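For reference, the structures are reproduced in the following blocks.
In the two complexes below, chain A is the common chain; its partner is chain B in one and chain C in the other.
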Partner chain A sequence: MRIYVIAICLIAICILSAGGVGAQAPARREQLVYSLTAFDGASFSKSFCPPSEDTLYFIADNSSVIDARKTFIYFWPITRRYMAGFRSLDEKLPGTIEILKGGEVIQTLQRQTYTLFYPEGYWSDKATLYSDQEAERRFAEYQSAVEAFNRKLRDYYEEMRIYREEFNRFLEEMRIRRESGEEGITNIEMPQEPSPPDFVDFYASEPAQGFILNLPVGNYQIRLRCPDGRIYEGSEKNVVVFESRRTGGVGYEIIPGNRWTRRESVDDPSWIIHGAGHNVLYFNPYHQAEYNELYHNKLEDPQNSGRIERWKWVHIDPIDDVHMVLSRGEEILQQIERAPYFVKQIPGPELGYEIIPYDDELLQRGYQPTFESYQIELSTNLPPEEYTVSALQDGSAEHLPESERSIRLLRKENANYLYPIAFFPLVFGIVVILSRWTRIDR
Partner chain B sequence: MSNRGGVVKTLFKRDFVYTFYSWGFYVVLFAAFMISSFILKNFLDGIREEDILVSAYPLNYPLFISVIVISIYLVMLSGVSISREREHGTLEVLFYGPVTAGNFLISKYFKDLCLGIIALAFCAVYFYLVSLTTNLGFTAGLVRALVMGVFMISCVVCFGLFISSLTGRTRSSVLVLLAILGGFLALQFVHAALIGMEREALSTPMLYLRETVSHLFRGINWVSPFAFLNRGLDAVVLDSPLLFGLNIFYAVVYSVIFLILSIISMSLKGVKA
Partner chain C sequence: MRRRNSYILLIIGVLVGVLFLSVYFSTRIPYGILEGRIVDEVSGDVVRRVRLSVSDRTDILFNSKDFRFTHLSPGHYEFIAEAPYYDLVNEEIEINRGVNTLEISMRGLEIPGLDGIISFTNSVEEGIEIEIRFRNTQGRGITDYPALPLQLEGTLYHREGTRDDYTLGRVLYEGEIALFWDPEAHLARNKGLIPWDEINGELVEETHGVLELVLHTPQGSFEDRVENVALTRKEE
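The block that comes next holds the complex of A and B.
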């Protein structure tokens, strides 16, 4: 009997403890990680490399930043990724980074001050890394621009306060005059509303410390050497420095007029746009470079996956100082300028929208353009042939390199004739064999 | 030397005329084009009315399939004819005369290559008609792919001749050829399908399978003749003359190596079944 009681107690303990395990927070371990600010072709991707990943990836001949830190690491089963608790512990590890190639130390890196400078604002895709004094100077420039903006903003609020008072006085004066029987146009000057100041159109991150890495293509190893000369355990990582396979071309993002939220990419010069029926397409050109999918995905985050056999195009910089041309052979059919467009939801039970040119009326009603693009209309009047779309630098007759893409308007209705075409070798064979038989018979 | 050339010419003419005036060649072309039409019909049906579809050279994939069907037919034909001639004793009779293993295999190779070039000319006509009918592009890329097809057929034929020179009987020759070429093709298609899937979309066993297939594919990458066409088509898509030229060079080297190996193998094995 006692044995049964003990067994039941043990089972109960097991069940309860199992339930407890399910509710537990993930186990955290204090470990060395490398925080990464890696140049991704256009901007900088921020991530960290947990101990589970043994290789770091960087683009050749461009500066990226790594830093060795001690933090809490835990595995998050939902995303199947390691997470870092930088808020709980974020300790910079002292020392120098050694870069090795073929077992030989080829560089020793010291921590440097750096800033990320976004010349087109924080939300733009383009950033430049500056180090040391230039980093301090860029950040100071940003700070003084922000201070100047704040001063202008204070002035604007004061001007707005004065404007409201003047406007109220204007309305009061108008009311008095109308009540006194005055009609028609009055000679009272209407106060003008002040315009708000434009926000700073660039951004510089607060200077930080890190090891700036800039290497040519190759395979390397890195490790952290402590100030006492020892190698920090777990700091050894492989480093793969790669370059783009193809660069200098133009890629396009296409917004199809009939499904503007589901965009298409026509990045590779060999890709052809096949169209059927009437289509309105909005083209957005980009400078681009082609990288190995695995390397680039791992550069963005070492825990990402990718396929070494695949390549991916990375949009580096939007192109907006060109005009686009739709042509058939040598004949230019349309020259298209970049223009703003507004997506207007169609009210009523039928869900839908309409893309219309953004105009002054929309501006006065306070609407912002939904997107800016180059609109190309493939009407049903165009004969089903091959067309070419390309980008030309403003004021130039030269096509941007690798900017041509083919558009083929298909004759879908002829698809059923494909099977009869397949019979032609049989017909040929009958003719050949019968003619031989005839010759032999003679 | 001229006598040797005359022997090759005679053997070549005999086999070439026999195949060119037989139904099999035209039926195989018809089958290859029916498969291509099926693929292209599905491609066209995949584009909705008033919509677009972005794709690289849509005619290249049907061409790839057509070249595979044609080259397998040619290699089976040669394989079977070698084994049959061995079984019937024709080979022994021929070898008592001025025919050697080299003459015999080189004539078979050129016969298959010429038939392959004729088949590719049929492909060019077929894809041109498809282009006229549907406006799918008969591009310079497709012409380059057709040129690459000649070298792929050369690789498959040489590989097939090598396998046929090793096997004795017709049945075993057919089975071994089908098994090896089918295995290469299956591995290539499975590999392409698996690497097309995102890692997150794969279950753990499928992930292991993908890794295994990847390793196997890397292993056969320079042995499988079909991998040469795959790389050649990649060079066409990349529009890289250097890669294109390199692939042609590799294909020629591959063909020469396997042709020499088949001659050595046949010389060692002898002409008796």
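The block that comes next holds the complex of A and C.
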């Protein structure tokens, strides 16, 4: 018996001592990191690559930006990620980036000025990277537009001040006329309220400096060379440049009406949307491309995990020149147009919200739409059958390829009957045991 | 039974041996690692923007003391450390397989553009704390400078009158003031302290003093006067 105790103790000591080495959290340390502005198929993902990650991932034939800088790195055990203290230290390292393939330098990159240009506004899903003089020009264009907006806003405030004065005079005149006994329609012209100016509908980030990478598919290495010819310690990384496996088809982002901040994706035509009770769903169709899950996750953040044998759909471009159709079999139940919506917070202790159509009244009050989408209402009056939603090009009767999705409405009222069925194997087992037990000859 | 126990012990011994051997060979480093600390000789603080070079590798430390170079082939190297306003360090080092350590102290050369000092005092629990800030010819505060061997002398008088209209009263302290380095400070990393128990005579609450200072530096001596020294002990 004693021998087993000794053996177990020895093995436990070995395992514990080995585990202790691996579990040591590193302290805050000044280290070289690559900051990344990587093209992700539609827009740009911002992240950084800590020293613990030895590979960077980029999409082929598209520009992405990297930069080498020194910052404090520390391990955050709660999220099990390395964090960067850019507020404490953020120093760019001077030099050039060398790209190597098969051990030979194939490109040397200098820092360039770049800007991210969002043609549909900062919150849109689409962005383009411009460099050098074009970057300066785009940013100047944005600045001019903002200045023009500010001028229009000042004019609007002045017009509103004049409008209020005129409106007060109008009301005073009306009061005097009514008090003097005048009745019926008056011939005083009612002042017209001025409209606020539209905000700039595009955005350009402030020009910054970085190394712009644009490579074909392949495996590479990069390193940062100091102006004196030496290589910076910790600057060597592997680079994997990949492309999508396939493109085409339509993916949907669905905003559930009862929890609008928790958006969901239905990207594959085989996926089924299940609805129970009354549901309001807001559909946003996208063109999509399929990427390797590991590569794309690591592109978004090198500390992300993923599986190399799995693939994921990525929404690359919103589709807004279509209308959607809700149908049952061959019967078209509803045609839905894209419309703006506004999420109105409900005041008081309920802390809820309501999604309402965006209208002129909200515009006059200076509100912007919260989102634009195709609203599909699945009412409780619909028979619990299978429905289909699909996207049709405006002015065409043809469905967009791979745009159909099935919706199944579930009946909740008889759901309680499912519980006894779940217990059936247990009951059956008890019956078998009891019957055998009674047959045992004691 | 005894033979069976012997077999079990033998198997466990072999397993443990294999485990230790595999750990030894898997963690054995086939190259040299150079790691160490580089500090200011006088203060022991970080040397800002120090550039380190060994072989064809380089690194810049902006705000830390620890450095590390890996994948160095065993052999002799020249280790260079250069930083603004510091003496160049150039050392021959030998790198062996595994971890090699190196401790470096860098000697400050000058405080760049030093043209004078501006002093402030602060009443703290231990005494009167004196902040020494360096200014350049444009009158601006100097932020990046090495620690130099400095000497501070001062005379603290009781102030008779207001800040704008006063005469010097009795001498409360006269002589050298101990200096210390505050690595957290931005402008005034050199600080002095006059302990309460070294101040002559009884102090009356809500009274003020006048402190005349002379700072001796390798770049010359600089004078300053603080006319509103709070003579009230600050309880913490």
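The criterion applied here is as follows: the second predicted complex is superposed on the first by the 263 of 442 C-alpha atoms of A that agree within 3 Å, B and C clash if a C-alpha of one lies under 4 Å from a C-alpha of the other, contacts with A are read in each partner's own complex, and residues count from 1 in each chain.
As a working rule, a residue touches a chain if its C-beta (ideal position, glycine included) is under 8 Å from a C-beta of that chain, and two chains touch if they have at least 3 such contacts.
Everything quoted here is computed from the prediction, not taken from an experiment.
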- Message: A:Leu410 in the overlay: touching chain B, chain C, both, or neither? Say first, second, both or neither.
- Response: first
- Task: For A:Arg29, select first, second, both or neither according to whether it touches chain B, chain C, the two together, or no partner.
- Result: second
- Message: According to the stated criteria, A:Ile421 is in contact with first (chain B), second (chain C), both, or neither; which is it?
- Response: first
- Task: Name the chain, either chain B or chain C, that contacts more residues of chain A.
- Result: B
- Message: I'd like to know which partner A:Lys70 touches here: chain B for first, chain C for second, both or neither.
- Response: second
- Item | First (chain B), second (chain C), both or neither touched by A:Arg436 | first
- Quick one: classify A:Asn258 as touching chain B (first), chain C (second), both or neither. first
- Overlap of chain C and chain B interfaces on chain A (superposed complexes): none
- Tell me, which parts of chain A touch chain C in their complex? 3, 7, 10-11, 14, 18, 29-30, 32, 70, 72, 88-89, 91, 93, 226, 228-234
- Task: Spell out the residues on chain C that touch chain A in their complex, using ranges where they run on.
- Result: 5, 8-9, 12, 16, 19, 23, 53, 56-64, 66, 68-70
- Hey, which residues of chain B end up touching chain A in the complex? 20-23, 25-27, 29-30, 33-34, 36-37, 40-41, 44-45, 47-58, 122, 125-126, 129-130, 133-137, 139, 141, 195, 198-200, 214, 236-239
- Complex contact set, residues of chain A against chain B: 246, 254, 256, 258-259, 264-266, 268-279, 281, 305-307, 309-310, 384-386, 406, 408-412, 414-419, 421-426, 428-430, 432-433, 436
